[in-house]
Structures are given as C-alpha cells and as structure tokens.
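Next come two complexes, and both contain chain A; in the first it sits with chain B, in the second with chain C.
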Partner chain A sequence: MELLKNLPEMDLMRSEKMTFVQLIIPVESAHRAVSYLGELGLLQFRDLNDDKSPFQRTFVNQVKRCAEMSRKLRFFKDQIHKAGLLSSVLPTLQPDVDLEALETQLSEHEHELIEMNANSEKLQQTYNELLEFKIVMQKAGVFLVSGKTYETAEGRELDDNVYLSDYPESASLLEQATQSGPSISSGLRFVSGIIPKSKVLLFERMLFRATRGNLLFNQVPADDHIMDPVSSEMVEKTVFVVFFSGEQAKTKILKICEAFGANCYPVPEDLTKQTQITQEVLSRLSELETTLDVGIRHRNSALHSIGVHLTTWMTMVKREKAVFDTLNMLNFDVTKKCLVGEGWCPIFAKPQIQEALQRATFDSNSQVGIIFHVMDAVESPPTYFRTNTFTNAYQEIVDAYGIAKYQEANPAVYTVITFPFLFAVMFGDWGHGICLLVGALILIARERKLSSQKLGSFMEMLFGGRYVLLLMSLFSIYCGLIYNEFFSVPYHIFGDSAYRCRDDSCRDAYTAGLVKYRDAYPFGVDPSWRGSRTELPFLNSLKMKMSILFGVAQMNLGIMLSYFNSIYFNNSLDIRYQFVPQMIFLNSLFGYLSLLIIIKWCTGSKADLYHVMIYMFLSPTDDLGENELFWGQRPLQILLLLSALVAVPWMLFPKPFILRKLHSERFQGRAYGILRSSEVDTDSEPGSARQHVEEFNFSEVFVHQMIHSIEFVLGSVSNTASYLRLWALSLAHSELSTVFYEKVLLLAWGYENILIRLVGLSVFAFATAFILLMMETLSAFLHALRLHWVEFQNKFYAGDGYKFKPFSFAAIADDED
Partner chain B sequence: MGFILTTLIFLVIGIIACFCARICCNKGPSANLFHLTLVITATVCCWMMWAIVYLAQMNPLIVPILSEGE
Partner chain C sequence: MYGFEAMTFNIHGGYLEAIVRGHRSGLLTAADYNNLCQCETLDDIKMHLSATEYGPYLQNEPSPLHTTTIVEKCTLKLVDEYKHMLCQATEPLSTFLEYITYGHMIDNVVLIVTGTLHERDVQELLEKCHPLGMFDSIATLAVAQNMRELYRLVLVDTPLAPYFSECITSEDLDDMNIEIMRNTLYKAYLEDFYRFCQKLGGATAEIMSDLLAFEADRRAVNITINSIGTELTRDDRRKLYSTFGLLYPYGHEELAVCEDIDQVRGVMEKYPPYQPIFSKLSYGESQMLDKAFYEEEVKRLCLSFEQQFHYAVFFAYMRLKEQEIRNLMWISECVAQNQKSRVHDSVVFIF
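Then we have the complex of A and B:
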C-alpha cells in the first residue's frame, strides 16, 4: 500500500489537473493576447455572454467583416476552380498583413474580377450571336440560292422542267420573292434563324398551327455546336427558314420565335450580298476571338496572382474570425476599459500562458499588465489527456464511448494492449497477421506524406488507426503461432508433435487415434490436431475455457480499477460496500470456475464442470462423486456459495443508509470533511463546497444502488458468457480459412492445368483479401471493442465528463478541413 | 517442468523488455511508469495465452483421430 502511494502518477492514467482561471485584459492588448493564446492552444474560454444573441455581442461588426472577407475568398476560390487553374500554394510565411489592408485588397480584387467576368460575358454573347449569324447565312443561303438557280434554268431542257414540276410551289414562290423583294407586303417573305435542336419539332408544329398551314418550313442542322451562354454548355442547333405571306403571319411568327428562344437573323437573298456579309462576319468573328482570348488570359493571370496568396489569406481570415468570436465571449468590466474572461487551463500550462500574456502586453505597448489568477469553480473541470500520435487512436476509441469524468482512471492505459490482444485472439493466424503487418508498416512509413493529404473517409479512419493496426497485427502473429495456423496450415516450427501412432502400421490411427508419448507441444497447439476428426471438440473446449479465463481476468482488472478510483477519491464507503462484495461475488462464482478449469487441466480429471457448477447451486450438500477434483471441494463450494449470497445484500443495503446518516450529520452537526465522496447525490458535483443540493432523496439513492447491484449480479453471468465470443469468432475465422484453403486452393492445385491453377490461386487471393482480411478484421475489431466498452468498462468507468476543447488555431484549421 | 521453464523464459523476456523500454524512451517518471505498465500488460497477456494452451494439452482427455483421406 505504501509502495502504491509512493509511485509517481502514471502518464495517461488520470486527466491532467485543471484549474479555473480568470483573465483581466486591458482593451488595447485584448486582440493580441487572444491571438497569442490561440497559438498556444491551452486555454478553454467559457462563454460569459451565453444569453446574448450573436447580434448583441460586442464585436459583432468585426465578425461580420470577417465573414464578408471569407465570402470573397470563397468566391475567388470558386473562380479559380472554374477557370481550371491549379492552385499553387507558396508555403512561405508572410508577415502579418493588417486586416484592414487585406480587406481593401480583397474588395479591389473582387471588383476587378467581377468587371472582367461581366466584360467577357458580353463579348462571349456577341461572339455567339455572330457565330449563329454566320451559320444561318451559310445554311439558309443554300435554300435561297438553290431557288434562284431553278429560276434561271427555266428556259432549259426537259429534265430541268422535271425539277421545276417537282417543286412547283417553291419555284413560283421564290420567283415572286426574287422579283418582288422583301419589302412588298403581299409578296412571299421569309424568316431565317437558328433554334436549339430539341425544340425544333414543337416549333414547327406551333408555326403550322399559327399560320394555318400557310407556310413552308425548311430546316438543316448546324455543323458546329454552339456555346449556350446561360448554361455554358455546347448545344446542338438547327437552322431554319420559314416562308410565309402576309403581315399578320409575320408578327405571329416573330412572337413564336421569341417564345421558343429562337434567334432570327435577316439573310439577304442576293448571292453577292450574302458573300459580302459573310466576309464581314468572319472578320469580326476572328477579331472577337482574339479579344476574348486576351480577356481570358488577363483574367487567368489575375486569378493566378490571387491564388498564390489564397491559402494564407484564408487562414488569416479564419484566425481573425476565431479571435473575434472568442473576444465576444469576454465581458467588459465596470470601468469599460478591461475585458474579463474566464476559462479552464491545465495547471502545467500556467507558466506558458503567463508568458504569452506578458508578450502580448509588451507587443501592444500597453501600460497595464494582464491579470491572470486562479479561481474556484462550481462545475467540474473538463478532462484533458496529453496523448501522442501512438496513444491518440486508443484515447479516441475510449472517448467514443464516453469522455472520462475528471480524474477518474482512464481505461485507455490498458486498452492499448488488451484491445489488440483480444482482437488477435479472435483473428489468430500468423499468415493473415503478416498481411496486416505489411499494411500497417506501409501506412506508418508514408505517415508524413499521407498526413498532409486530404484522404477519403475510409482511408482517413484507416490512417488514423495505423498504430492500432500495427499492434493488432503483431499480436495476431503471436496468436497465430499459438493456434498454429498459417492460412490455416499448421507447421512443426517448435519441434515434433507430441502424438504418434500406437504402432508402426498406424492401423489404429483412424479408429482409436494417436497416442501422446511426450510432453505437451512446447509452444502452441500441436500440429497433429489439424484435420483430425476430434480437432473441433478439442479446440472448442480449449477456446471456450480460454475465453472464460480471459473474461474473468479482464473483469477483475476492471474491478481493481474501481478500487484504485475509490482510493484516489478517498471514498472508503465505496471500497467497503462496493468493491469488496463485488470482488467476493465475482470470484466466488466465476473465479472458482476458472480455478476448476485450471485444476482439471493440470490433473487430467474427467470431471464435468457444467455439472459441478450447476449442482453447486442446486444441491450444494450432495456428494460430488466422480466430479471431485480436489479434496475439500464440497465444503469449499458451500462456503463460496454462502459468500456469494452474503455479498449481494452487502452491496445493496448498507451504502444508502450510511449516506443518509452522513448527510444528516453534515447538515445538522455541520460536521463535514468525513466524506468528500463523489456519490452523495445522483447529480453530484465533486468537490463542491458551495452550491450543494440540500435535500437528500433517499428513495432515489436506494433505487440507484439497487440498479447498480442488480446490474452487477446479473451482469456477472451475462458478461462472462459474453466473452465466449472470443471462441466463436476465432472458430469462424479458422473454419473460413480452412474452407478457402482446402476447397479452393488445394482443389485447384490438384488439376495439372495451369489455367485452373491460376484461377484457383486468384480466387483464393481475392477471398482471403476481402473476406478474411477485411471483413473478419472489421468483425473482430467490433467485437473486441464491444468487450472493452461494455464488459470491461462497466465495472469502473463513469464516462460522463466533457472534453477539454482549448481555443487553438491548429484545431480551427483541422475543423474546417 | 516444461511449464515452469517456459514461464521463467517469459519472465526473463518481460524483464528485458522493461529494460529496453526504459533505455529507449526515458521520458520522465510518469511516462516511464506508463511504458512499464504497457510492457507488463503485454507480457502477462502473452504468457496467459501460452499457458492456457499449454495446460490444456498437458493431460488431454481426447487424442487426435485421423480422418479418412489424410
């Protein structure tokens, strides 16, 4: 006991000691002080303005400005992304640019960018129109010109007349058109334009109905795709020409064109005019192209120059916003010249914080120093564990169930080893273990590169757990050597088998079996068992008993941790009326079972342990007969049964009564200090001397204790049985492995054909990789996790604390990503 | 006899591992105690696993009966 008290505190065992502090900061150094504290990342501010809405807070304008700036930065990022430029990040640390200067710079850039975008949009639109005009000219011109040629060939041979007679309508109409001209009202006229291909059919039908069939609709698809300015996609368009007569028809057609989004362009029928206009259009198009190119290049260079600084600017703005959000949590004091802040910090960090505050005072040329002193707190402190990259993953695993209460024992200390170990018990195969080891080593070797990249969610989880994976694989190799399974094949690594045939002919081997002629195989399961008919009965018995032994050991460890917790919190009530009866109950039943298992193994007795345990309860005074494992077993069993029976009321009744007595003593005799217990009330606050709930609700405490006791008593049976999953999963893994080996690989290898062998090998490889390495790993991981979270931790873990979340710039950067 | 011998071997390996941990990463008494805990836990777990399997095979109640086609 003395030795235990003299040991130094273990690193990860209990939360760092935290203290509640108050800061009084003069206004001129406030911003700088908070920035330095953010860089340090060891102080968790408490929000003193909780009841105010975001708009009532002091620094709301600055927060708004930061939000506006980050909006502009997002806009830039979007534009860079749309332009397809690679964002080149310069890792150089720039000197702190002033926030106001940055703001003006950003608004300038934004203005410039918006202007450039608007200009290029206009240019693009003009370009599109001209392009459409050119296409319409080319295609529609064909209709009109062909009409004219028919007209001039009027006086030719018979076949021309045949043409003429085939298109009498168009010829005569066109004649009229060419003779009359487009301005005569009653003559034939036409509208030419271009429309998206998808709308052509509907358009035609609509026109037909509107003009009551008095029209001629010609269409031809355009060759090039045209960029639609609205959706910025390439759209297929069709050129159309509508011949009609009459003024009203024209207005109708034009309205329909507008409704369908068809662009109409006037095409002159004169061939020379057409070519002239086409030339003009072509030249203007090439001009516009060059202008557009220049514009795009100009914009890209502007974006590039922005992109270089973008990440640093974004970080800066994020930091400033965080600083102002934190400043909003502080209160102005009476004189309005200082800001008052409160928060939690670890005790070891106090000198660092004081140094940072002094630096802030010096750097901001303030006359008054910052006051930093310790205060008493009402609520319990947050929990803070200082983890390194190795223990971080395990702490996260434990935290996922519940954050440890302040200063209670941290299960992560033991989880570092027992979790991979229990995984390995369920996974044991040293071939698969080697595969996992290779994977884990690859992840660890590329640690630096992978930690700076952005990974997918699955890879991120895998990368975060690389050290867990490493230990899991090492223990798997060990357990695989013990189970003697290398992709389910046993090897004689540790010497010859302990079994051999009874005689040289080995006739009896298939009926009566081999015989054990030496000491047991020195390390692991004897290789003779694999493939025998009695393999499963033997291994099942072995693994079930092994599961019980591991379960009882881990549960005892859990109860011991609750003892250490009680010692730490000076809670002798818990020790006497919870720890002792719990130990007695668990060990008199399941500890005794473990003992029986070990004795049976050592003596080779044929006693039936099920029978022994069941009849220990049903008829304890009966003679054991052939189930007797050692002398004095019957009186011992009676004694253990009585102890277990006594332990149940022992853990149920005394504690609530004593608590009530202590409570009445404390508040009537004012005699405190007897008990600084952590379980006075159900909603207790440890160490609180001031705000104490006056009433002591006895029925609540009694019910709480009853639930706790019942949970323990019933849980001891169910939790012990729950550990049998170690057997179940290891059996499943072994059987799957055997099936793949025997039924896939050996079967395929039996054939002489190289192709079948290759196919068999690849199926074996895929099945091993996906089913055994991935699915079984996840499954064993999950079950080992459950065993820790439920069976191990419910013996001692309260898990109702809250995590220490300091104000830290590094954490903000992580959060955003 | 084999049991006790191998148990002693495990004990020796555990002690050597403790010393290795102390030599390789000596980072103050609290961290040392933590590393010591880890090493002891690992040694105990590995020893338990081996001991259980060894004890189960010391006096077996059934023997391997080879199956047909072996």
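Then we have the complex of A and C:
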C-alpha cells in the first residue's frame, strides 16, 4: 500500500490541479490585462453576465465596432478575390496600429473602393450599352438589308426580271439611294434590340400573343457575351428584330420589351447612316475601353495595397473582438472603477498570470495594481491535460468518448500503447505494417509544412493521427512477425521450420502430416503451418485464446484503475463494496479461464476447455476425467464458483444500505449538533462535496447500484466475448490478403503473357491499397476504438467532466481557419 | 395508402422532412423575441439576429440599417430554403411545394395590376412583390388593359390560369373588380389545393384539410367584414366563399346576410373552434381579430409538426416563417419609429 502511494506522479494520469480565481482589474488597465492574458492563454473566464443579452453588456459598442470593421475587411477580401488578386501575406508583423486609427483607415479605404466601384460600374454600363448597340447594329442591319433586298427584288420582279439573278446586292444599294425606306411607306415598322438568350422564347410568345400574330420576329445570337453588371457574369444574348404595323402595337411591344429587360436600340434603315453610327460607336467603345482599363488598374493597385495588410488587420480585429467579448463577461464592482472577473486556471500557471497582470499594470501606467486571488468554487473544476504533439492524438481518442471528470484517472495514459497494440493484433501483417509505417513517416517528416497549410477533412484526420498511425504500424510489423505474414506470405526469418516431411518424397505431407524434428520455431508462428490442413484450426485456437488473455488483462487493468480512483478520492466504500467483489467475480470466472489457457499451453495437455468451463457451472461436483489439468482442480473450481456467487450480492446490497446509514447519521448530527459542523464536514471531503448537498433518495441509489451490478455481471461475460473480435478481425485480414495474393497475383503470374501479369499485378496492388490498407485499417481502428471505449473504460471512467477552454488568441486564430 | 406512409415515405420525402424539421428548430423562440423587443436600435436587432440562423444573411450589411433591409434579407433566407427544398423534391411533393407559392402569386398579380391602374412605376412595383410569387412574365402584367387581356396575355402561362376561368369578364379593371378578382382567384386556389391534398391522401390530407379549412373560414370572415357597407350584393358575397371548411355551407348562408361585425361574431360563436378567438375580443372590435386569427393559425401550424410522414410540415414551416418575418418587420418598425410600447401589439410568438 505504501509503495502504491509513493509512486512518482504521472502528469497525464490526473488532470491538472485547477483553482478558481478572482481578478479585480482597474478599468484603465483592463483591456491590456485581458489581451495579455489572451496571449498567455491559461485562464478560462466565467461569464458573470449570463442573464444579460449581448446588447445590454458594457462593451457592446466596441464589439459592434469590431463587427463593423470585420465586415469591411470581409468586403475587401471579397473584392480582392473578385479582382483575381492573390492576397500576399506580409511576413513582418506591423507594429501595433491603434484600433481607432485602423477604423478610420478602413472606412477611408471602403469609401474609396465603393466610389471606384460605382464609377467603374457606371462606365461598365455605358460600355455594355455601346457594345450591345454595336452588336444590334451588325446583326439587325443584316436583317434589314436582306429583308429589303427580298422586298425590292420581288417588287422589281413584277416590272422586269432581267437583273434578278445578276446583282441583287448592288441593286438594293442603288434602290435605297433613290427611294428612301420602302418599308415605312408600306406602314411596316420595326423594333430592334437585344435580350438575354434564356428569355427569348417567352418573349417571342408574349409578343405573338400581344399583337395577335401580326408580326415578324427575327433573331440571331450575338457573338460576344456581355457582362451582367449585377452579378458580373458573362451572359449570352440574342439580337432580335420585330416587324409590325400600327402605332398601338408599338407601345405594347415597347412595354413588353421593358418588362422583359430587353434593351431596344434604334437602327437606322439607311445604310450610310448605319455605317456612320457604327464608326462612332466603335470609336467611343475603344475610348471607354481604355478608361475602363485605367480604372481597373487603379482599383487593383488600391486593392493590392490593402491586400498586403489584410491578414494582419483581420487577426488584429479578431483579437480585439475577442478581448471585448471577454471584457463583457466581467462585472463592474460597486464603485464602477474596477472590473471583476472570475475564472479557472491551472495552479502551475499562477505565477505566469501574475507576471502578465503586473506587466499590464506597468504598461498602462495604472496607479492601482490588479488584484488576483484564489476563491472557493461550488462547481467542479474543468479538466485540463497538458499534452504534447505525441500524446495529443491519444487524448483526443479518449475525449471523443467523454471528457474526464476532474482529476479522474486518465485512460489516455494506457491508450498510448494498448490502442495501437490491439489494432495491430487485428492488423498483423508486417508487409502492410511497413506500408503504413512509410505513410506515417512521410506525414511526420513533413509535419512542419503540413501543419501550416490547410488540409482537406480526410487529410486533416490522417495528419492529426500521425503518431497513432506510427505506433499502429510499428505494432503491426511486430504482430505480423509473430503471425509470420508478409502480404500473407510466411518467411523463414528466424531459422528453419521445426517440422519436416516423413520421407524424402514428401508424398504424405498433406495426408499424414509432418513430423517435428527439432526445437520449436524461435519467434512467432512456424512457416510450415502455412497451407497445411490444420492451419486454420491451429491459428484460430491460438488467436482465440490470445484474445481472451488480452481481454482479461485489459479489463483487470480497468478495474485496477477504479481502485486508484477510489484511493485518490478517499472513497473506501467503493473499494470494499465495488472493487473487491468485481475483482473476485471477473477473476474467478475469466481469470480462471486464462489460467487454464496458460497451463494448457505450457503442458501441452489435450483437455477441452469448453467442457471444463461449461461443466464448472452445470455440475461442479462431477469428476473432470481426462479434462483435468492439475491436481485439486475440482475443489478449486467449486471454491471459485462459490466466491463468484457471493460476489454478486456483495456488490449489489451493502453499498446503498451503508450510504443510507451514513446519511441518516449525518442528518441526525445536523439536527442536534451545531449547524456549522455539516459545512466543515463537506469541506474536509472535496471530492464528494457536492453529493451531500443533494437529497438522499434511497430507492434511486439502490436502483442505480442494481443497474451497475447487473451491468458488470452481464458485462464481464459479454465483454470477454467481445474481445474475440481481435481474433475474428485478424482472421478476416489474413484470409483476405491470402485470397488477393493467391487468387489474383499467383494466378496471373501463372500465365506467360506479360499483359495478364501486369493486369494481375495492378489488381493486386489496388486491392492491397484500397481494401487492405484503407478499409481494413479503418475497420480495425474502429474495433480497437470500441474495445477501449466500451470494454476498457466502462470499468472505471466516468467521463462527465468538461474541458478547460482558456481565453487564448492562438485558439481563436485556429478556430477561424 | 393511409396508415402505410411510414413504410415508403422516407424513400422520397425523408431527406426533405428532416431538412424542414431542422429549419423549424431554427425559428426564433419566445426568448429571442423578448430580447428583440428590448432592442434600442436596428443595430441591436441586427446584432441579436446575427447570433441566430439569420446571421450569414445580415452580417455583410453596412451599418445604418433600414427595416426593409432586414425584412428583405430574412425573406431571402426563406426563399433560399424554399428553393433548395424545391430542387430536392420529387413528385408529388414538388407540386405540393409549388402550390404553397400560388397565394403569393395571386397577391403579386393583384399588386401589379392595382399599381399599374394607379400609374406607378413597374420596377418599383416589382421590388415590392413577394419573391416566392414571382413568375417569368410578371412584368408584362402592366401591359394588360382588362381582365380578358390579362388572362390571354400573361396568366395563361402561369399555374393560375385555371383559376381564372371563373372570373373572366370583359369589364375594365377597377379597384373593386380587382379585389373581387383576388378573392375569386383565392377561392379557386384554395379549393384546388384542397382537392390536391385530398388526392394525396393519408396524414397529409387529414392535416392539410384542417389547415386549409381554417384558412378558408378566416377568409370568409375577412371577406364578410370587409364587404360590410360596400355595394357588393349578398349573392356576390356568397360566391366568394370557398366551398369547404367548417362554415360551409350553413355558416356561409348566415355570414352572407351579416350587416355588422357583431352579427359576424354571433355567427362565428356557434362554431366551437372559433369561440375562443371571438371571446377574446370585446364587442364591436375588429382590430385585434387579425392577431387572434394569426395566433390560432400558428398554434395549428405548430401542431402539424407533431405527426410524421406527411407534407403539411412544409406548408406549416413556410407559414410559420412568414409569420416570423412579419413579427420581425413589426418589431423593427416599432424600434425604428420609437414606438416600443406597441411592440407587443402584433407579435405572435411561435414557440
């Protein structure tokens, strides 16, 4: 006992000792103090204004200003992104810009940008209009000319049809010069314009309906795409010309055009005029283009100068906002001159915090120092483990199940080794192990580079678990050597096989079997088992028994940890009425089974362990016969059975009754003694301080204890059975890899054809990579996870704590990314 | 199919039902409204809303906010959600979802036609339209001179076309006729929606018929109250009532002859579900009637979430969201106009 108590302290075993502290900060140094604390990142503030809504708090205006600034910054980012500029990160951090200065600077920039945008938008619109006009002119002009050609040609046909086929084009020009606009004289008018292509069909239908079919609709797609000023996307448009007659129809058509967002442009019928206007439009277009170009260049340079500082500004604003959010959690004291804050910090961090606070007082030239003192807290402290890059991933595995109760034994300590090991038991193949190892090493070698860049969710996961992967692969190589499998092929690494054929011809190797002629194979499974008739029975028996041994060992470790927890929290009741009967129950049944397995392995006995275990329950007094492994087995079995039977009521009944007795004694003491005594009582037992406050409900406690006991009794059977998954998965893995090796690679290799061999090789490679290395890794990982979460941790782990979340700038920066 | 929805509903409708229930849990709660009612400025409202589902829609708005911006952005969120659901929906859910928007379509048509009648700018009118009730050729409505043209030109392409068959007259458009047109259209729409839901069967039919019946009865009451003292004849009035609902047919007979609000009240109090609504009002008062009806509607809509495997949740969600936007508009208006004492007048808490 003494030895156990004097063990050196394990850092990761218990969460950091926390203390509840109160800060009284003079207003003038509050901001600086909080931002220094944020840089330190070791103090978790408690929200003292929980009942107030966000806009009723003290520093709401500052928070609003920060939100406004970050909106502007988002606007800049958006603009930079739209302009296609890369925001280059300035490596040197600027000396702290004042927040007020930054605010004015930002609003100046925003103003400037908005103005520039408005200008360029206006220009863009004019440009678009001119461009559309140009297109309409080109396209619609063709219609008009061809239409007239047709018309005039027809007209002339009546007069005289000599010139018809010879020169219609030049004739029409001639004609036009002499008689101006034959179409107008016939009462035919037209409207030309341009409309987005998606609306053409509806537009045409609507026109048709509105004019009752008295129109001619011509359309031709525009060659250039035109930018939509709102979404700045390129839109496909179609040029149309509508011929109609009548004034009323015209107003209708114009209205419909307006409704559909079609832009109408007047196209003169006169060809010379057309060319003249086209010339004009073209020259204005080129002018505008240069203006637009200059504008864009100007804008880009402005954006560039913003982009250089953008990241710095963003982190700064983010930090400021976080500081004000934290300040909002503080309370004003009575005099309104100081802010009062409360929070949790680890005990080791106290000097650091004090130093930061002193620095803040000094830097802000405050007359009054910041008062920092420890307080008593009602609620239980947060859980904080100081992990490093290696242990972090394992702690995450445990945290995913539940955050440890304050100062509770942390399973992550053991998970570091047991998790990769149990994984490897299921994934034992040193070929696959080497592949995993290479992957893990690549991730670790590029750690610095990868940790700074943003990864996809899958890579993120892989990268986060790189050290888990490393140990998993190392253990897989180890287990693979024991199973003697390299991509399912056995090798004679540790010398020759212990078996050989009965004679030289080896004819009866597969019927009568081999004979042993030397000492057992020194390490792992003898390669001769491979391919033999008894390979599966041998390996199954080996792996099954091994799984049970591992399972019983790990569950015992779990129960032992519950003992250490009880010692730590001074809970002798749990040791006597929970730990001891649990130990007895588990070990008298499955501990005994493990013992039998080991004896059987050592002696080479042929006893049937199923039979022994089953008849231990059914008829414990019967003679064991040939299944007896050692002398005195029968009385021992009866003794074990009896102790297991005794253990069940032992863990079920005494605890609730004793709790009730304790409670009633305390109640009586409180009734007749001094009132204060009960408080002293609670103070002396910090671990169980909160239980006394609650009302004692016997039936509830009893039911809870009953559930707990039943769960343990049933669980010890089902959990042991659950560890057989180690065997099942390792069997599945080796069988699957055997299939891929024999039925794909060897089969393909049997052909002389190089093509078939290549196909076979590639299929094998893909199957190995995707099915064995990815899917199997995942499934073995999940099963190992389950074994830890359920079978191991339910023996001792409460997991109902909450995590220590200090106010830290580093965490804020991580959050946003 | 009644009773067996659970077997097959999730094949097509499960994903969207999950989505809509997720959206529903994003609706503002009474605590949110209490906080919103305490706001001093529109910026406070924005700040509070940015902590809710509306956050991403409001966060990029520059600071001097207007009520219209808030409402616009909140509506935008509703429209985005609706469009997403419509994209994912298969038949008959997609038709059901489309039916939900027809009411807005009718309102938009009426809005544009009335606006053109009073010679307002079309673009301005279009901005006022509810985005859920938009259709391609809506702007062309301004071209039409009378109802026949309206139908032949524009509405024949829209889903509203069948509803129009009842109200085509060659009469010119004036305010009275437009109002009658709106109610006739609404009547036809509700009846059609009702029939559609009956055809769907199962829990959808059961719940939707209840919700639609309430809607029809509310409209009947509103028509009656609004037509008191106008030249609308009793027969015309009766023609505007939908032919289903709790009041059909005997209640309609009685409503048709009502001459003042207390008579309406007398008719409605014969129907037990409507008793509590009217018992809250004092005699001769019709201002608070709207709110009372809204409260009752919200209660019924919330109840529809209690059952699973039916489409009424989509209808209910859209309606609740619209109510929420109305609430937000009212609160923001009160805050903007410094009328905070009246904040609670028209806000209907959803949860």
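Note that the second predicted complex is superposed on the first by the 711 of 817 C-alpha atoms of A that agree within 3 Å, B and C clash if a C-alpha of one lies under 4 Å from a C-alpha of the other, contacts with A are read in each partner's own complex, and residues count from 1 in each chain.
Here, a residue touches a chain if its C-beta (ideal position, glycine included) is under 8 Å from a C-beta of that chain, and two chains touch if they have at least 3 such contacts.
If you're wondering where the values come from, they're calculated on a predicted model, not measured in any experiment.
Look at A:Ser380: by the touch rule set out above, it reaches neither chain B nor chain C.
Contacts of A:Ser734 after superposition: neither chain B nor chain C is touched.
Legend: residue contacts after superposition of the two complexes on their common chain; A:Ser53 is shown touching chain C, with no touch to chain B. When both complexes are overlaid on chain A, the residue A:Thr511 reaches chain B alone and has no touch with chain C. In the superposed model, A:Trp601 lies in contact with chain B only, and not with chain C. Once chain A of one complex is fitted onto chain A of the other, the partner contacts of A:Arg71 are limited to chain C, with no touch recorded for chain B. By the document's definition of touching, of the two partners only chain C reaches A:Glu258; chain B does not. Shared interface residues of chain A (contacting chain B in one complex, chain C in the other): none.
The touching residues of chain A, when paired with chain C in their complex, are 53-56, 60, 63-64, 67-68, 71, 74-75, 199, 202, 205-206, 209-210, 252, 255-256, 258-261. Listing the residues of chain C that touch chain A in their complex gives 35, 38-40, 43-44, 47-48, 50-51, 59-63, 122, 136-137, 139-140, 142-143, 152-154, 156-157. Residues 7-13, 413-414, 416-418, 421, 425, 475, 478-479, 482, 498-499, 509-516, 519-526, 528-529, 531-535, 537-538, 541-542, 545-546, 549-550, 553, 598, 601-604, 606 of chain A are the ones that touch chain B when the two sit in their complex. Residues 1-2, 6, 29-31, 33-34, 37-38, 41-42, 45-46, 48-50, 52-68, 70 of chain B touch chain A in their complex.
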